[in-house]
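Look for subunit A in each of the two complexes below; its partner is subunit B in the first and subunit C in the second.
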Partner chain A sequence: MSATTVRAYSGRRSTMAALRLSFLQFMADPQWLIPSMIAPVIFGLVSFELFRGEGHYYLTYAILGAGMMSMWGQTLYGSGWATGQDRVFGTLEPTLQAPTPYLYVVLGRVIWNVASGLLGGLIVYLVVVGVAGSPPAVPNPVAFVLLFIFVMLTLAAVGVVFAAFYVYTRYAGFIQNIGEFAFYVGTGCMFPVVLLPFWTNPIALFFPPTWALDALRYASIPGYPGFAWGFWPDIAGAVGTTAAYLLLAGAVFRRVERHVLEVGNLADY
Partner chain B sequence: MLTRSNDGPAIEVRDVRRVFESRKGFLFRERTRTEALKGVDLTVERGSIFGLLGPNGAGKTTLTKILSTLLLPTSGTALVLGHDVTKETDWLRPRMGLVLGGERGLYNRISGRDNLRYFADLYGVPLTEREGRIREVLERVGLTDAADRRTEEYSRGMKQKLHIARGILHRPEILFLDEPTIGLDPKSARETRKLIRSLVTDGVTIFLTTHYMFEAEELCPKLAILSKGRIVARDTVDGLRTLVGGDRTIEAEAYGFEDAEVESLKHLPGVSKVVAEEFGPSMRLTLRVRTTETAIAEVRSALPGHPELAVRDRRTSLEDVYLDLVEEEAR
Partner chain C sequence: MAAVSAYRPSFLRTFWTNAVFAPRTTLGFMRIDFVLGTIFVIPLTQMVFFAFVAQLGGESVAFTALGNAVATVTYSSVFSVCQTTDSEKQQGTMEHVLVSPANRLALYFGRGILPIGISLATVSVGLEYAHLFFAVPIALDQVPALAVSVVLTAFAMVGFGLLLGGVALYLRTSIILGNIFLFAGLLLSGVNFPLSALPVPLQYAGYTLPLTWGLAAIRAAVGQGTGTPLGVLWGAVALAGVLSFAAAISLWEVFERRALATGSIARF
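Let's turn to the complex of A and B:
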């Protein structure tokens, strides 16, 4: 038996290949950029009206609210959606037959989705600042931007777990549509968790963006009441839950890739 | 570079079964149970093209997917290049090529070349060799001129060629081709078969499924016939011809025969089988015989009173054998 010690694939290279594929597919129809730019504009305008006059930091609240709303979908579901597309195109089978674990492909798409999600955040920022006529009073703009990106990354970690669900079953999209709004509210992305009924808290606490977003609110809104114990515990909570999600994603993907070979539903769409 | 595997058969399948439990609907589930493979045993030697022939629903795709690590068998063992397809996927996948073919399975909005680049990366084709290899396989399948067009503009035949190009890009030791000419117009199908023949080089093993007997006859020195999840025959083309007890076929046509006439033909010396079937407005009897020296005359005299009777003989084709075997299984 001529066992080989050479691994046939490179995970990093496959991730870059998936990122490149996302870019090429986007460039094939760049006009899709327009609808995905309209949503952040609308969210920004609505959010501005909602928070107008709510204290000194209403602009920050407006930007965070609308920013999360517009980035949420892309980052959280974008990778899963792409997997669903793999089912529709019939490319899921050849992709899984390749030596590279599918997780690396998903990671490439996550990078793409985080990048395009951030574009939505930028649009929201420009719209809100545009209608307000002045930038928000943010004590530390650098921390604000870094934490914003951090929120996106924690969101993306959850997106990876979601993507596994799309490999698992072709009904993932259907289930996601039902659960989406409840999930969005329940996790404290729309309103701060402190405003939500107590029973939703466990969901929120096992959701990394809750922590990251709370940290972001602490850092950018002086006097923010928060739901936890301060800025650094929030960061720790975000890092911890994100790590848990990434570990979960690794385990879930291995299982799911095995499960679909057992069931034989890779060609379903 | 991957090490090549040692000698020994390319494929060894022992008592492989596969059951599909399918459910329709999401909330209100209706369960159906299909036994797609009912205990398949098969050994395929290295090199050349092995054909798996069978009608629709026989289980060809199911077996192909099991061998190419896309599906687990419900029970039984399958070794490819001496390695277990259920456990040694990391070893096997880089050494296998799979062409499921069809309209789907490609990224339609991007070019053929970009499709190949993506899969070259996933298959770990050395980066320094990637572009050269892509040029080489595009040339080989005849898509050089169309390489930079979006695949959604490709014809069915061109897509099939791109599927094959993807299958050979990483220079697999074994290539699985599932019904490679299905849905192609006759010209593309002929080109595709020519391409497949040209792939038999450097000891690559090709495992090809088809439901066209003439395709198996043309491409596959050795083949097995799969019917309703079972291998019903396994031989060379010539071996299969003798399997039905004769390599000549006599056809007798008239506007109808009595049952007694059909029975009497069965008792003629050298006749191993008689099948009666409607044939347009008339009826046709097909006889499998060992030799036609006396048989034509005897058939004529056994069927008196049919002025319109036409009798002719021909060499038994693989298609005849195939239909015999598949029909026997169906009965």
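Let's turn to the complex of A and C:
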């Protein structure tokens, strides 16, 4: 059996094993869905109240924003925190020493977090729609669902990059907690980014979800005042930045693995 | 040696020891970066977020900014204090606290000193942001009344955090409880919109939260009140704080009696 074959088999198996383990951990203690759901549901309801009277399409803003927050909770916390947990449990070095690239392990976790994030988004949708009394007016429901999943994937790409960098920092929890609202503001999760001061817009465009959310709102809110370039450039920007994030994550993970082999431990960070 | 002559630390000693040691033990997760972020970063980003949401919804930005400036107090006062119970369980020190002869009021109040200080700083910085960046008018002659409102609010909120920590004694983890009350205030306490916009049952729920009264007192101090005299609101905030501390200590006493009766603290 060639080395390439071993690597491919090992990678797929590792991803599936990480996915299975994430699922089992979730099932063993599903209450962890609740903390990441409380904030999005409450933010969704607060936004709905603030948007009340502004028109039916504003319900879409509240649901999209709260759904994205739920995904933030599941993907960014889940993916990022997993590395911290590996460090606490002492499994980070053994995992990195295994012949399978660490990226495959993270990938399995991210897949599960995307799935549970979508579940969270569904719960947010049901609660906000239940309170509002009617579903949001969406011109094309199929496109809405597909683009919503696409937004989740762009968030997952951010989560993978965070997970890669968290190997090198002991401030993962700090960054997540302190940066939470900054990320919500910077990506315009509850309002168009163009409302922010102009100098912030280029910074916001570094994040794939900014592009994807703008595209989603163009597709679901008639007269949406987003970026002047419109829907398709938004899609292209989202795909491009997501690809760049994944390449960056791959590079960082390879660097981490080389670092472990060179130094022999990950205690110095 | 007779049991009555056993060493019993004074109230002040217990209070001070806990005030000094809590940041290194049960509140050990509150590192300096965490504290600085809580005081300086979270209020600004949270206020910016809700200010833009309010702007998009055509609501008053000043009202929302002031509400969120005060609401950020819950991070240090409720969420952090609530987690001290988990810290005791995880560090294996719960048994030692339970058999200690230390005065319970001094013990818990001493542990609340650091969060009260951080809460004061958080609200003060938040109010400064509200004034500087969101055009919330705060006149110089309003500052004394505002200071009294802020101190009472911080005291009451930490008491509420200790109360939740007491409830968390009977739970497997305080995380869920902490999360619920960390964010419930944003909906039920008149932070982002007047309480009157909520259905009546939710308004009653809001009135049970110290944040509602503290925020009402702070709004009244800067001229955003609804007509209730400031003295009445101060009384309500103080009462909420005293009741919270009393209820927290009662919960701990019940838990202690159960622990002594069953010989276990592991049943939760």
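The rule is short, and it goes like this: the second predicted complex is superposed on the first by the 235 of 269 C-alpha atoms of A that agree within 3 Å, B and C clash if a C-alpha of one lies under 4 Å from a C-alpha of the other, contacts with A are read in each partner's own complex, and residues count from 1 in each chain.
The rule is short, and it goes like this: a residue touches a chain if its C-beta (ideal position, glycine included) is under 8 Å from a C-beta of that chain, and two chains touch if they have at least 3 such contacts.
Everything numeric in this text was worked out from a predicted model, so none of it was measured.
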Query raised in the report: So, A:Tyr218: does it touch subunit B (first), subunit C (second), both, or neither?
Result: neither
Query - Contacts of A:Leu45 with subunit B and subunit C, given as first, second, both or neither - result: second
Requested in this report: Mind working out whether A:Tyr125 is in touch with subunit B, subunit C, both or neither, as first, second, both or neither?
Outcome: neither
Query raised in the report: Which partner does A:Tyr171 reach: the first (subunit B), the second (subunit C), both, or neither?
Result: both
Report task. Going by the touch definition up top, name the partner, subunit B or subunit C, that contacts more of subunit A. Result -> B
Query raised in the report: First (subunit B), second (subunit C), both or neither: which does A:Tyr58 touch?
Result: second
Requested in this report: Quick one: classify A:Ala98 as touching subunit B (first), subunit C (second), both or neither.
Outcome: first
Report summary line: Interface residues of subunit A shared by subunit B and subunit C, listed 171, 174
Requested in this report: Spell out the part of subunit C that touches subunit A in their complex, as residue ranges.
Outcome: 33-34, 37, 41-42, 45-46, 48-50, 52-59, 64, 173, 175-176, 179-180, 182-184, 186-187, 192-193, 197
Report summary line: In the complex, the residues of subunit B that touch subunit A are 1-6, 18, 20-21, 26, 62, 65, 68-72, 82-83, 90-91, 93-94, 96, 98, 100, 102, 104-110, 114, 117-119, 121-124, 127, 150, 166
Query raised in the report: If you look only at subunit A, which of its residues touch subunit B in the complex?
Result: 1-4, 6-10, 13-14, 16-18, 20-21, 24-25, 28-29, 89-91, 93-100, 105, 171, 174, 258, 261-264, 266
**Report entry** subunit A - residues contacting subunit C, complex
**Finding:** 31, 34-35, 38-39, 42-43, 45-47, 49-54, 58, 61, 171, 174, 177-178, 180-182, 184-185, 190-192, 195-196
